[in-house]
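Letters are used for the chains, namely A, B, C, D, E and F, taken in the order the chains are written, and counting of residues starts over at 1 for each.
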Amino acid sequence: MTKSDSKRTLRFGLPKGSLQEATIAKMAKAGYNILISSRSYIPYVDDDELELRLIRAQEISRYVEHGYLDCGITGYDWIQENGSRVHEVGEFQFNKATRQTARWVLAVPEDSPIKSPKDLAGKRIATELVNQTRKYLRRHKVKAEVEFSWGATEMKAHELVDAIVDITETGSSLRANKLRIVDTLLSSTPRLIANHEAWKQPWKRQKIERIALLLKGAIDAETKVGLKLNLEQKNLPALLKALPALRNPTIANLSLKGWVAVETIIDEHVVRELIPALKAAGAEGIIEYPLNKVVY
Amino acid sequence: MTKSDSKRTLRFGLPKGSLQEATIAKMAKAGYNILISSRSYIPYVDDDELELRLIRAQEISRYVEHGYLDCGITGYDWIQENGSRVHEVGEFQFNKATRQTARWVLAVPEDSPIKSPKDLAGKRIATELVNQTRKYLRRHKVKAEVEFSWGATEMKAHELVDAIVDITETGSSLRANKLRIVDTLLSSTPRLIANHEAWKQPWKRQKIERIALLLKGAIDAETKVGLKLNLEQKNLPALLKALPALRNPTIANLSLKGWVAVETIIDEHVVRELIPALKAAGAEGIIEYPLNKVVY
Amino acid sequence: MTKSDSKRTLRFGLPKGSLQEATIAKMAKAGYNILISSRSYIPYVDDDELELRLIRAQEISRYVEHGYLDCGITGYDWIQENGSRVHEVGEFQFNKATRQTARWVLAVPEDSPIKSPKDLAGKRIATELVNQTRKYLRRHKVKAEVEFSWGATEMKAHELVDAIVDITETGSSLRANKLRIVDTLLSSTPRLIANHEAWKQPWKRQKIERIALLLKGAIDAETKVGLKLNLEQKNLPALLKALPALRNPTIANLSLKGWVAVETIIDEHVVRELIPALKAAGAEGIIEYPLNKVVY
Amino acid sequence: MTKSDSKRTLRFGLPKGSLQEATIAKMAKAGYNILISSRSYIPYVDDDELELRLIRAQEISRYVEHGYLDCGITGYDWIQENGSRVHEVGEFQFNKATRQTARWVLAVPEDSPIKSPKDLAGKRIATELVNQTRKYLRRHKVKAEVEFSWGATEMKAHELVDAIVDITETGSSLRANKLRIVDTLLSSTPRLIANHEAWKQPWKRQKIERIALLLKGAIDAETKVGLKLNLEQKNLPALLKALPALRNPTIANLSLKGWVAVETIIDEHVVRELIPALKAAGAEGIIEYPLNKVVY
Amino acid sequence: MTKSDSKRTLRFGLPKGSLQEATIAKMAKAGYNILISSRSYIPYVDDDELELRLIRAQEISRYVEHGYLDCGITGYDWIQENGSRVHEVGEFQFNKATRQTARWVLAVPEDSPIKSPKDLAGKRIATELVNQTRKYLRRHKVKAEVEFSWGATEMKAHELVDAIVDITETGSSLRANKLRIVDTLLSSTPRLIANHEAWKQPWKRQKIERIALLLKGAIDAETKVGLKLNLEQKNLPALLKALPALRNPTIANLSLKGWVAVETIIDEHVVRELIPALKAAGAEGIIEYPLNKVVY
Amino acid sequence: MTKSDSKRTLRFGLPKGSLQEATIAKMAKAGYNILISSRSYIPYVDDDELELRLIRAQEISRYVEHGYLDCGITGYDWIQENGSRVHEVGEFQFNKATRQTARWVLAVPEDSPIKSPKDLAGKRIATELVNQTRKYLRRHKVKAEVEFSWGATEMKAHELVDAIVDITETGSSLRANKLRIVDTLLSSTPRLIANHEAWKQPWKRQKIERIALLLKGAIDAETKVGLKLNLEQKNLPALLKALPALRNPTIANLSLKGWVAVETIIDEHVVRELIPALKAAGAEGIIEYPLNKVVY
């Protein structure tokens, strides 16, 4: 039923669940078109050398370590929680909107007397990340009970336990639930990981590196844009000095004498500051355009 | 719970409801990433200087006038209906697809004897825009009863009242309901408005102007595209003369002798006419590419 | 109720159902913005010269042949099944993700004794494509019973009939249902077809050709991307020789002496191989950007 | 994978699609609990002697005739359309709300010149029920073209064809589409049908008859209710004479001297008239209660 | 298109929106089956003497007063707010689950200094019920600004205004929003109202009264159940004395000597107390069964 | 924010997730109307003496044991898995449709060499029920690796592990996935459990017992029905002898001489056999009616 597992096939685990949609979108931008079928648990990809599997993010590192998968994408948090021995190929930032890293934080009700890890002694903590939480308590030489939370962890902090360790990006859900962050245990980003044996095989390693390169190029491109503008040549040196964000631009002469066209790639989040500044510096015909991939 | 209201914070009202999705999409294109949470009525934005509020489009001008909001995006119709005294910073065209402005029209059943505003004397009119409708009647020196419609206004024109004043873009819903447009009371586009006091404060004004600039750049870019093509140099003057839409192009020499590369920004809706014409005029390798922002 | 059918109006049939969303998206890329209203069965389009109708893909060719529609988009399979005499203006590939053509295949259970069309003698076959299936049997001089299937055809192969003729792209649904493909009857892509009389009228023909040109430009652009990179001039000839995919690039001098900027349009699916190769060949600042239309 | 096909198993086809939900609800009321799984096309039923299959209503009579199914529930319309030779066990009325039978009607635009079947000569008719429509034309000795409609048949009557044959219950959808009913071709109710061979086998026949009995009891109960009321004995003869709907009631003495309790089963749709009349006739403590099954 | 408005037709307005689903369910229990079609704004009902219209609850009393509708179901709140002169035929309690009446309350943030209506002087209040709120202020001789709220009124109490007047049943949404109830302005239940002229016409009045009777019977039945139990005769007097809820039961002798069967109708919400008490008192075979209608 | 925790309040945990909807429906039948609000995690119930909490079924026994909840409804499986020391008040059968108990089974691919628990030595097993699975292995003196499965356990049996322990009712999902059941570890039904301390307090114990009584009465009523029929008195003894299911009926004389009315309560699943038998035995006017509660 599945494709034969020849030497020329790479078994690749994609994270099912909250990271799934983002991962498939990023892979498409990298050039790998994936179709999830409700009729088959094996996704289609337009590359015969890849064999995909959709597996929970919490479990991927386990199956990469065991060698069932050659490589996979999962979060740093679950690699650590599972204590999996795998080769980390690359780190990515999936969340373009907030540009914030997911963090596992120790949180308590706003009016809780718990102010530092020391105050956890003898308390009960609910979390999905049991091992990391226990490790944190050992590091702080505190004894407390840690219980596995099957979900809705935030709601438990007010009534069922004394503290929680939960994941957050902007912290707005914790604030809405009247919870206070005491400490950060772990920051986590998506990682591409490989099985150590697979990584030693030249073909698999090259294949994995290529995917990593294209995925990085696609993800970098999400936070960058192309910028073009016209300027009087005499204003160019002042502009470049004033705006270091205009890194290494291409300069071309325009048919209109004394004017040049400037083109460069910049981080999208500086555009909010840069375009008003450029306009103030005499730039005209400012154009921002989107990019698919950026590979330096 | 909310961010502190220091001098360096701008309180910005976004329209909840039919304009909401479009406004958030335009703001993202302008460079402001907004996340709406079902758990909190305060949207997240990746700019610490902004404090967003989601408020009904019908009410935003009221709260900008009262100073609860420094500025906001809402429709011209509701600014007028509320009679709000606010500073209008900019006008936008959100609807890329139809490029048609929303209009509040007086409509009656196809076979109604009402042919002009004069015929409304003594009749009953249902509308959401009560004040503007009354003003219209006064302007035409007609006495008629105006009643507030809580929704499904179109359906009322056939049975419950003699005429309606309702909003339409393409008129197709009115036609489908067998209604005839008698007159247009008001055209309405989205506006960025500011509180008069806020507008006097330099930091707030500069911040508002910057948002207006980027929003305009992003919205302009939706209806424009970049165009590149190759052409024999000898055909260039004739082409430029024949196609004034090719405004102010950049001309570059190609390695192939006697050929030039022409690049420009044009309105997307002329592409339908322009590309066939360019091809007929000998252009080759015509490429159209998308833009994020256009700032002249 | 509908627009008047003057000489300057083209009646255009769009396929309702599985092709509908894709067709409207492609038309938008071509420059024709279409709005489907739940209140009216006549879609809105921002071109007064077009009158759209949404009709089942299975029926469009019939109504184009009869002259009720001037032209329409439908699949090759249903043109053949209906035996419609129409003018075929253009063929398109809608499915960017798989780049695979839909095929109508003869399929049987994995363990069926049927290995070739000859084995169908005396058997029962369920299909939506009754006429083409009968034609196929005649071609192979086999007598078998063909019955119209109202849906869920795959499920019938195991219990209700001996074989099915069904449509597939990647074959993954057939595999998941433990079915084996015996033969392919027909490959099918979307086509733009015109009524023979309409095609003879200059204005209609020109209008149809223009739509075909823009639609092709938009669909071609989906599988192509723009590529820019910087390179030491001395490495350029070797690069161009090694990478024929870099067809006909634009070369420009950079301000950094001895370096050139290379820009070209390439098929997106070769990017996966090309970018790693370019990087290995010394290219820097590799940028891939999206295109709206490509017209050669 | 499926249960063994011993003599003691009855293969029963349920209609997939518009009748599906109603059929499963009626079967549950009859005492057969059915679970549809998205993972398996064979429904679960809490009776080991039944093997269910979900098949399109249009196709069930075909597979009952061929013997693949022992029996099934489908509409009279499709039994006729397929010309299937099957044994009809029972007729049911599924639609409690309207108590109206589905009818296939010949319909035309309100202002069409077609007033009778004779006017169809030389016209084009779209319908899903091609064979029955042709039979109708032959009966009226009219020659017209009948084409298979893949759906949205109503919409075609105004533009694509001259008339349609479509299914309707209350006619409201036809009226909303400005169509006029010219004639009724066929009334259709759900039927339980059996394969002729299966019907000859005693065990299968008894099993089918039992299902028919319980299904009829459950469906009859949907349109009937139990009614109890208290009355002065002296008023009883007058009441029974005046209200023949109170068929065959049970009369019991109450502890309050001179009063009796009256209990009966009546058609629910007469309750609207009956309860006000009973109250007017001096009845007290009128109670209406629901029934699961009614078997006379 | 609509049925002819003969003397024997009653035009009946049903409330669109939040009351719609409940109203249609209650009408079905009363014996009137209503079908809402997305294709037509006139609902179907299986009674030729009724002509239904779906109109916003806020507007129904207006159209009943004007005579466009003969009668309708709407809330007491909107009858008052509109100041409509109509005949009130009956009052109903739709909400079986909470058995609580909807109330319009004055609410403020938990920590607001506003403790009584007097504290509203000079404040701003947002509400959908502008007229009733103004009336309330006049009654308390307080001057305050009342503004119409287009929705999401609760959210405004914290930031946009000083107080709100909003509707609540259990108060749980107000509590979840940290709001405190200061006073109740108005309690509201669904009412059946009639136009004064229609009420004078015998046929219309009788028809309306009949609907009211059946609707009341159906709604009463929702909060009542039938109860049967067996008891030793000697325990009967003590039981009846101890449990007055067992109002007016039917007593029948059982075949088992010395035992009687007791049957009665009781309020469902006392069952929670009654059944344990009955069991304690020696009752056996206690059966509770549902009712469709109860008419005393 | 929450109600005060006086002596007269019982804190009751309801299972969130797959059992949630069923539990709330059963509670409503028992007489406790519960409303879940998306705005508050504390459900509303129309009994001031109850304080509800929605907690995952997996966690409820933990919080009942700790005393945070006085009682709760959860599955026997999770009480065992957590090893919680709680008082079991009652056992229920929620699943009326299948009348089958959920079972945790050891399953392997159909063609796996594993035929008995002994064959698991050295294998890897995935399950959500880790502790019970380890206990099972110890009981069979087998060493195997047990890993926690975060979901989609069935899919793992073919590729990721050697065996799974998963929950099933009818087994149809396992069969559809080509898995074979090797052994059953645990059967599980919903239970009402109480904290040991709470159970010692008379008021809480009485309150819990009352809920248990009503819940049992409501759930029993789901699988029972009332049956009435008329019969010639002379046939009664034979009937009662032949049909022991007609347990302890009420017999009443009818006005028609020689005929009696028989009424009883029976298990619904015997109705399928009983009604045909009754009819064969001469019964007439057989009526089956639904019950709300049955308390013996």
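To be clear about the criterion, a contact is a pair of C-beta atoms (placed from the backbone, for glycine too) under 8 Å apart; a residue touches a chain by one contact, two chains touch by 3 or more.
All figures in this text were calculated on a predicted structure; none of them were measured in a lab.
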Any chain in contact with subunit B as well as subunit C: A
Shared interface partners, meaning chains that touch subunit A and subunit F: none
Label of the chain whose CA centroid is most distant from the centroid of subunit E: C
Remotest chain, subunit F as reference, centres from CA atoms: B
Interface composition of copies subunit A and subunit B: same or different, split at half: different
Selected pair, out of C-D, A-B or A-F, that shares over half of its residue contact pairs with B-C: A-B
Rounded Å distance, subunit D centre to subunit F centre (Cα mean): 35
Inter-centroid spacing, subunit F versus subunit C (mean Cα positions, whole Å): 53
Inter-chain centre distance, subunit C versus subunit E - centres from mean C-alpha coordinates, in Å: 57
Contacts with two or more other chains, residues of subunit F listed in rising order: 252, 289-290
Chain contact graph, described as a line, ring, star, complete graph or other shape: other
Touching pairs - complete list by chain label: A-B, A-C, A-F, B-C, B-E, C-D, D-E, D-F, E-F
Subunit D - residues contacting subunit F, complex: 1, 28, 30-33, 35, 37, 39-40, 42, 44, 46-47, 210, 213-214, 217, 221, 226, 248, 250-252, 265, 289-296
Subunit F-facing residues of subunit E, complex: 96-99, 170, 172-173, 175-177, 225, 252, 254-255, 261, 268-269, 271-272, 275-276, 279, 284-290
Touch list for subunit E against partner subunit B, complex: 16, 41, 53, 55-56, 58-59, 62-63, 68, 147, 149-152, 155, 159-160
